[in-house]
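For reference, chains read A, B and C in written order, and residue numbers begin at 1 within each chain.
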Amino acid sequence: MSGKRMNELEALALMRGGMTRRDVLRRFGAAGGVLAAGSLLAACGGSSGSTGGGPSSSSGPVSIDKTVAPNWVFSNWPLYIDVKNKTDHPSLDKFDKQFNTKTTYQEDIEDNESFFGKVQAQLKAGQDIGRDIVTLTDWMAAKWVALEYCEKLDLSLLPNVEKNLVDALKGRSIDPTNDHLVPWQSGFTGLAYNPDLTGFEVTQVSDLWKPELKGKVTVLTEMRDTLGLVMLQMGIDPTKCTPDDAQKACDYMQPYVDSGQIRRFTGNDYAADLAKGNVYACMAWSGDIVQLQLDNPKLKFVFPQQGSMLWTDNMMIPKNASHPYNAHLWMNFYYQPEIAAMVEDYVNYVCPVNGAKEVLVKNDPSVANNPLIFPTQDSLDNAFVFKALTPEEELQFNQSFQALQGA
Amino acid sequence: MAETATTPTDSGGYDAPVSAAPAKPPSAFWRKVRWQALNVFAGAVLLYLFLPITVIIIFSFNDPAGRFNLTWNQFSLDAWKHPFGVPGLQHAVELSIGIALGATLIATVLGTLMALALVRYSFRGRSTTNFLVFTPMATPEIVMGSSLLTLFIAQASLISLGVWTILIAHIMFCISYVVVTVKARLTGFDLRLEEAAMDLYANSWRTFRRVTLPLIMPGVAAAAALSFALSIDDFVVTQFNSGNEVTFPLFIYGASRNGVPVQVNVIGSAIFGIAVGGMFLNLAYQNRKARREAAVERRMVAQAQTAEAHLV
Amino acid sequence: MGSKRSFAAYPLLTPGVGWLLIFFFIPMAAMFKKSLETLHVNPDYSQTYTFDWNWSNYSDALDKYHEQFVRAFEYAAIATILAFVIAFPLAYVIAFRAGRWKNLLLLLVIAPFFTNYLIRTLAWQTILADDSWVTRFLDWIGFISLTDALGWTTGGHLLATPLAVVSAITYNYLAFMILPLYVSLEKIDGRLLEASLDLYANRVKAFMRVTLPLALPGVFAGTLLTFIPATGDYINAELLGSTQTKMIGNVIQGQFLVFNNYATASALSFSLMAVVLVLIIIYARVLGTEDVSTV
């Protein structure tokens, strides 16, 4: 489901301190299977160090007019909230009823970069971009925090967030003062395939290179996802990779691009090809596949044996938004387990709200047992956050990757 | 004995003198084949032109199994019954139509005035103006769109991207087409009609309104129709200058990643149907008009002849 | 053309010319200026531009993206030639053999282009899908193996290949080739042909020496109106192609709308425009500016 995910988790400061997965688990304890997806992100917890772009928001807490506005705008990725009858969103309806307001929900974020491109000029000029909440992936969220394009949150209005946010997502270095971002969903990047078409079970990235899949395989344009998975396949640690590693990964993939083994590089438009049968196996995002499985139960998503990639999308209030109070109310409202569970039932990504799983187990046990939504500890252990890149590194990584695509 | 055979082909004309029958049937056959081959090819091209259209219309009656309307699943009229059942689609279509109407109006007025000037007056800078008009028509849309975006960004304090910038952009690229279309119609215009009106004591404005305008109206109408079509279909220039607004083409583009809803096919087919229907009606009307005029002419000629006969 | 009091023209011209100047030519100048600016990405990711006659934007951009630039012209050229080959016979048949069905046939030619450009192109995704009748038929007759060998397709599928992109461009611009050809063919006086045949020319010779030369203005117009927009096209490459079929239009779009590298993007866009302008000037010289717009 959902739109394109630029899942690069190398949010500005994610692995600054050079913490490894193991460090993380030791620090936060490998608690049983609940929503510890963020535990990986815990890497951010308390890490120090700085590489360009340190936190720069120094303005004091926003004093907001605490009256509920009659309407407000929430921008999000497509298919990222509960849906009924194609157009209603029960969670939003409940919110509207409780607070006597009207939410305009827009699914106009397709891609982190292009959305940023759309609103950048207005943000720079200090104008209201017409949205009170936007949801962006870690690394882009980090940029907004650094550029002071999002408002400081009034934490006194967000007691539920304080209470129910999973520990792992607290105190991340992309949001050092902890008052700009509120996680919405997390997700995995792995492999999706149609076993009827492939004829065998896909278990690792190198399965994509089998001759019978020639021309029926796609990988992602998202550099951090594709290179991340390939590095894991090659035994390189994506949490610590260098530009040389990136080049090695690209060199490894080059013959498959040249020979036509890889059909093309996709955004989330792999979904169409997968559904149509043009593609038999591809790199994909977990939540998308859960949605596609509703239409075609045969499709499967696997966490590659060598490891998968992990990322989070965050809610934030753009600078000078006109209805920040409503935005706060919604963030607080969402962090109630029952509401989060409502959304989770449809969204099927990984929920950052403690207690949602328990609610779901009662109402929809099938979802509660879906390893893509409530990942097992094994999958979590084997999921990695891509290293936070400096602008220079990012340039080099991108250059290698662009050259690979022959673009 | 040489005989010049004139077989029933279009420019058959002279064939080299051919001796006797035996050679003819095969060559006549082959000539027929060659003659028909061209027609068959032309027919094939027409079919090729309509292939995607057929697919679009057929799939507007599909009830897809999932989000993607790429495989035929089962017949359904649901999408036709609820053509705006997808959120955002209605607003996008309304915006497209609104902008098209606005752009058409302004571009037609501006363009017609320019065409009048270009055709009737000789003035300094006429060839430059011609060049000025032609260049936008031949410029790649992406260059037009991106340069306008650069301008709007530089002037961000004066104007922000949205409905107005889209409208401005559309007017800009429509003007050239209007000028060219009206010009074509104007070049055959007989100025003596205007002179006659002026001789009969009409002033310039009255002449324009009662003589010129009605006569150039078909050209202006054609230009307006062209302008409307260009505007409602425009994607590239709009994508660069729309800011957060979504027109119908932009809606389709946005939806193409996650599955284009069947309603889009419905609206596309509807626009196609209306446009083609309109053109057919126009064609039929023209035909009837021509036939009626021919009939009138014939009657007048017949009357003149009988009158002549009486005199004689 | 009457030559009346020449100053009366100016008030008629001013609004239209003014609009074009402000919203077509000045933006070009603005884009040119932007292409000479230098982009500084500050450590905190904000961007500032300084105007400093930075010609290296051009050399850098063209150096980096020359492949896509050349590819765009290559695809556009092939598409134009294909369009000509397809369009000419049809235009010929309508002009010379259609008689009273002319207008109806013309209507049928234009009608498909009343559907939205995007929907039309998306329809090709369905038609050229791996399991469609078209693809399966072409595979069965060995066409796809042939194109694989030639490098026009890869991996035995039609989508996400240069072939798909080029044929979609050909299709989408076909009307721009058919109509100018038709207009100039239709203007040919049939008696000229008769005369040539009277003078012992056979049909092929009559065609080559009379018809084709007289149709030349239409050929030029059609070629230009097809080739030039095709060079800047990016939708076909995006919807039906792969990263290896990217055209300069895709790059410009990405640079403007996704990466906001306005300096580089402007340099690329302006380079494209420069090449196009040269072609237009050549065309205008050959035919004269009056005829340019009234083919």
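In this text, a contact is a pair of C-beta atoms (placed from the backbone, for glycine too) under 8 Å apart; a residue touches a chain by one contact, two chains touch by 3 or more.
Here the structure is a predicted model, which is why all the values come from computation and not from measurement.
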Given the two chain pairs A-C and A-B, which is bridged by the higher number of C-beta pairs in contact? A-C
Most remote chain relative to subunit C, going by C-alpha centroids? A
Kindly work out which chain lies most centrally, taking the average of its C-alpha atoms as its position. C
With chain centres taken as the means of their Cα atoms, state the distance from subunit B to subunit C in Å. 17
Rounded Å distance between subunit A and subunit C, as computed from the means of their C-alpha atoms: 40
Subunit A to subunit B, mean C-alpha position gap in Å, rounds to 46
Mark out which residues of subunit C touch at least two other chains, giving numbers and ranges. 125, 129, 256-257
Send over the residues of subunit B in touch with two or more other chains. 70, 153, 256
By the touch rule stated above, which residues of subunit A touch at least two different other chains? 118, 272, 276
Within their complex, state which residues of subunit B touch subunit C. 10-11, 13-14, 38-39, 41-42, 45-46, 48-53, 55-56, 59, 70, 109-111, 113-114, 116-124, 127, 129-144, 146-151, 153-154, 168-169, 171-172, 175-176, 179-180, 183-184, 187, 191, 229, 233, 235-236, 239-240, 248-249, 252-253, 256, 260, 264-265, 268-269, 271-272, 275-276, 279-280, 283, 286-287
Could you please specify the touching residues of subunit A with respect to subunit B in the complex? 3-4, 78-79, 86-87, 108, 110, 118-119, 121-122, 125, 127, 129-130, 267-269, 271-272, 275-276, 292, 294-296
Residue numbers on subunit C that touch subunit B, as the complex places them: 1-10, 12-13, 15-17, 19-21, 23-28, 30-31, 34, 86-87, 89-90, 92-94, 96-97, 103-105, 107-112, 114-120, 122-127, 129, 171, 174, 193-194, 197-198, 200, 203, 206, 224-225, 228-229, 231-235, 239, 249, 252-253, 256-257, 262, 265-266, 269-270, 272-273, 276-277, 280, 284, 289-290, 292-294
If you look only at subunit B, which of its residues touch subunit A in the complex? 65-68, 70-71, 85-87, 153, 156-157, 160-161, 243-244, 246, 254, 256-259
With touch defined as at the start, can you tell me which subunit C residues reach subunit A in the complex? 41, 43-46, 67-68, 125, 129-131, 154-157, 159-160, 241-244, 246, 250-251, 256-260
